[in-house]
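One chain, chain A, links the two complexes that follow: it is found with chain B in the first and with chain C in the second.
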Partner chain A sequence: MAAAEGSGVGGAAKPLFAGLSDVSISEDIPVEGEITVPVGSQSPDEDYSTLDEPVRDTIMRDLKAVGKKFVHVMYPKKSSALLRDWDLWGPLVLCVSLALMLQDGSADSKDDGGPQFAEVFVIIWFGAVVITLNSKLLGGTISFFQSLCVLGYCVLPLTVAMLVCRLVLLAGSGTVSFIVRLIVVIAMFGWSTLASTAFLADSQPPNRKALVVYPIFLFYFVISWMILTFTPQ
Partner chain B sequence: MENMDDTSGSSFEDMGEMHQRMKEEEEEEEAEGEAGAAEEEDGEFLGMKGLRGQLGRQVADQMWQVGKRQASKAFSLYANIDILRPYFDVEPVQVRTRLLESMIPVKMINFPQKIAGELYGPLMLVFTLVAILLHGMKTSDTIIREGTLMGTAIGTCFGYWLGVSSFIYFLAYLCNAQITMVQMLSLLGYGLFGHCITLFVTYNIHFHSLFYIFWLGVGGLSTLRMVAVLVSRTVGHTQRLILCGTLAALHMLFLLYLHFAYHKVVEGILDTLEGPNMPPFQRVARDIPVVSNAILNTTAKAVALTL
Partner chain C sequence: MAASDELRFPEFEEAAELLAAAPGATTASASERPSHTALDVGPGYEEAEPGEDADNAELLGGQKQKQPRSFWTFEYYQAFFDVDTHQVLDRIKGSVTPLPGRNFVRHHLRNNPDLYGPFWICATLVFALAISGNLSHLPEKRASPSFHYSPQFHKVTIAATVVYCYAWLVPLALWGYLRWRQGSGARAGTYSFLETVCVYGYSLFAYIPAAVLWLIPAAWLQWLLLAVAALLSASVLALTFWPLVRADGRAAALALLAAVVALHALLAVCCKLYFFQRPPSAGPAPSPLHATLGTEPHRSRAPQHFANLSQAASSRQ
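Let's turn to the complex of A and B:
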């Protein structure tokens, strides 16, 4: 993990005092003599401050990072970009949009068998927390929020599936439309599971991958099943 | 967006370090406190300034206490995860064999049977049961007022698992059976495997005869397995009867409850019996308004007359 960290290039965002990481001082040796810290000597580009940059740049940089992660989920390669700098903006956006789209069917009718906004929201976050704790307990080397980030971003295919389902449902609801929805949801469910395991599998002990994958499978299965059974009233 | 060092599993060591540092700081704080006491004597001469200093120190002290409490709470949570870790130390093959074994009752009651003290399998089975229940509720169009389906499903499953485990553990303590709480949780958790299979099949295929066959066959086998284990670990006929009778009854009835509480057919019957087809109870209009009107009229007239 440390090697991956060292070799990874964080794009625009690099630590300000990158040179400091070279200096390592053991605690029991008293520090003396002339000490020079090579700040700013490596490259002049690095010590630019984000304090006086336009707000637009800041927002665009973050948005770009989120967008890049979306692309990573859609092309799940072996990459640690999702892990290295995690954020919860993407998961929040995906979760809220999915919940809103699922909510619509039961918004106006009082007797709702349909999923409610809070329910979807809770399922996604609670499920992600449970999976994370489980992987921690099984001895995975991954931090809590990294795992939440990966699981949240991997909801993206299912959100796309929901979008497609709504479009299909606009066209009409019959056997054909159900079959189309079934195929789309199953494909996206597989995609989500594969993507999240591709990101998370490296951090797990190799002999226990199946134990970690099972709750992930269950989590995405419940979500995709909710999407499949959704019908606007 | 910059969380470079939040990788790797070294967070526990970090926490440990933090804890140690916290302790050191605490000691420093105490030393400072002693120094502060000496300062306080000076402060009395300084009057207002001393008072302000005292106030500031008090506030800082309070903040420190609150911060310390929260930090130690977070630390104990992490420590708890470490405590739980041994119970999740399993291989996929072990889980598979234990799942299969949970359906095979072993007739050996002279020697205590082994129970694995493991929680991964049971926990996953409970979550699977939650998912299956959710599915059953959705297909049966169950309507729950003042609560979500998800909450109800989680509450039911975890409530049963933890509640019945503690209850049987208590009974086992009374009946002098040799079993620990973790073993009880594991035993009952793996016993839910039969429930999962039965409910998953019967929520999708609606035949009552099929359900009863599954109930007796699959549910019965997993119950028998648990009963056999408990019998082998208890001494005395009465104790065995009490313990195993309670467990078997609870386990089988729970399966019946789960099946029928969230089933399409029963839902339909209930609807026809007492459902929304019945007209709502209506308040019958009485003559009271007329009377009150009359009274009002007379009083108004009386008022008019006196005026």
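Let's turn to the complex of A and C:
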């Protein structure tokens, strides 16, 4: 059709693209070569470089990442490093250590005592999942595991509070120790809530921030309650 | 030319007729029906895709468009959390102020029921009951010499079961009953299941400050608080459901409302009696602030304070 149009316009005898059908690659034109695309080195390829390194390097890299996140939690600034490279090792370690430290709480009977290991574990993980679902349902832009990562890492101040409480309880369990424990737990609870809010609040729509912050507040409040009411036998 | 006929743009006679019939109509795109462009809809229109013909007819009145999404997608549930902070606060305020002219569902929910309020109010109530129930044992146990505090964590599980069962099963039963009455020919209206759950969830808010204030160990105050909270929230419930069953005949309507109010009050009474049990040797205890201090025996002030009070209690009884 195009040929017909071309011939109608130009009036020349030769159609425009008539020669195309006759093109063939002759044998003596080499049609081979190398195509090298320069590989961008913005993100180093993991599989490429980490297979041959010593095991110590592999472990230390993960440990350093976890340690860096701990530092981020203790000094919460608005950095996105915590959010970008999420991992759940830190939350797991914190949750297990908190649950272990809450063991052998006082118990007249088996039922009457503090939370069991499984209860602490379930409360922390199930609570974090529910809060994450809540923030996503309200229109948050953070991803599921990023939010779990932040909530889990921000349990760090409360774990420190638990450690301090156990040490204080070794010294005695009177009024002074209770007041000290109360102050420490309240301070760490405020720290946890502020740290997690600093990381999570930006990803929420502005008119729903309070709706997202309140469940986080409740979550850390319950954990603080479990820590404060821990009384050894 | 014959070849160029294939290239000529074929005129659509149908469109030409329509244009001739209504010269002022604007045509947006080929997939929309011409009647679509005449609709002037409310703020929900911006979310509508052009292909959704079935729902566009209901958009008059500015109501939110409920697209029939699949039950298994995430967006289906996102529709239940479409509230802002001020809306939630407004609904909470509305749940404790029973005004005769205001129906909670029509006035506050306005066809936008949410699950955020019921879920988190129930969670707060669970922990409020468990924690303040635990705290209330402190001053009472303090008076006895064999004091031993225990966190009693299993009560959280019990509280959670009771509150969440109440907040889901009772609305289910009520909604089922109203549907049945509607189906069997009575002129009763009905709300959707989600609206019923929403009303019940928000009405439980009145019990949260009551649970916290039950720490004050005066028995008359506790019962007064219970009565006030139960009355406020039960009357909001009654005012919400009254317009539905009003047409049903006086006896049936009153029986239903009595059942709703009775269940609500029963929940409050059971929670109070279970979580705030009075030990056998009850007596007016000191304020919780004193009681949460430690049990060091060498503090001279505290045992004397308790001794005075227990003497006063025994003399009063």
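Everything below uses one rule, namely that the second predicted complex is superposed on the first by the 181 of 233 C-alpha atoms of A that agree within 3 Å, B and C clash if a C-alpha of one lies under 4 Å from a C-alpha of the other, contacts with A are read in each partner's own complex, and residues count from 1 in each chain.
Just so it is clear, contacts are C-beta pairs under 8 Å (C-beta built on N, C-alpha and C of every residue); 3 or more make two chains touch, one makes a residue touch a chain.
Since the model is a prediction, treat every value here as computed from it, not as a measurement.
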Do chain B and chain C fit side by side on chain A after the overlay, or clash? clash
Please indicate which partner A:122 is in contact with in the superposed arrangement: first for chain B, second for chain C, both, or neither. first
Which partner chains sit in contact with A:231 here, chain B, chain C, both or neither? Use first/second/both/neither. second
Counting only touches as set out at the top, which of chain B and chain C does A:214 meet: first, second, both, neither? both
Report for A:194: first if it touches chain B alone, second if chain C alone, otherwise both or neither. neither
For A:96, select first, second, both or neither according to whether it touches chain B, chain C, the two together, or no partner. neither
With the two complexes superposed on chain A, say which partner A:160 touches: chain B (first), chain C (second), both, or neither. neither
Mind working out whether A:140 is in touch with chain B, chain C, both or neither, as first, second, both or neither? first
Between chain B and chain C, whom does A:173 touch in the aligned arrangement: first, second, both, or neither? second
Interface residues of chain A shared between complexes with chain B and chain C: 1, 4, 111-113, 116, 119, 134, 136-139, 207-208, 210-211, 214-215, 218, 221-222, 225, 229
Interfacial residue positions of chain C with respect to chain A in the complex: 1, 3, 7, 74, 77-78, 80-81, 83-86, 88, 116, 120, 123-124, 127, 131, 134, 148-154, 292-296, 299
Chain A residues touching chain B - in the complex, by the definition given at the top: 1-2, 4-5, 10, 13, 15, 61-62, 65, 83-87, 111-113, 116, 118-119, 122-123, 130, 133-134, 136-143, 145-146, 203, 207-208, 210-211, 214-215, 218, 221-222, 225, 229
What part of chain A is in contact with chain C in the complex they form? 1, 4, 8, 105-108, 111-116, 119, 134, 136-139, 173-178, 207-211, 214-215, 218, 221-222, 225-226, 229-231
In the complex of these two chains, what residues of chain B are touching chain A? 1-9, 11, 81, 84-85, 88-92, 95, 120, 123-124, 127-128, 131, 134-135, 138, 141-143, 148-151
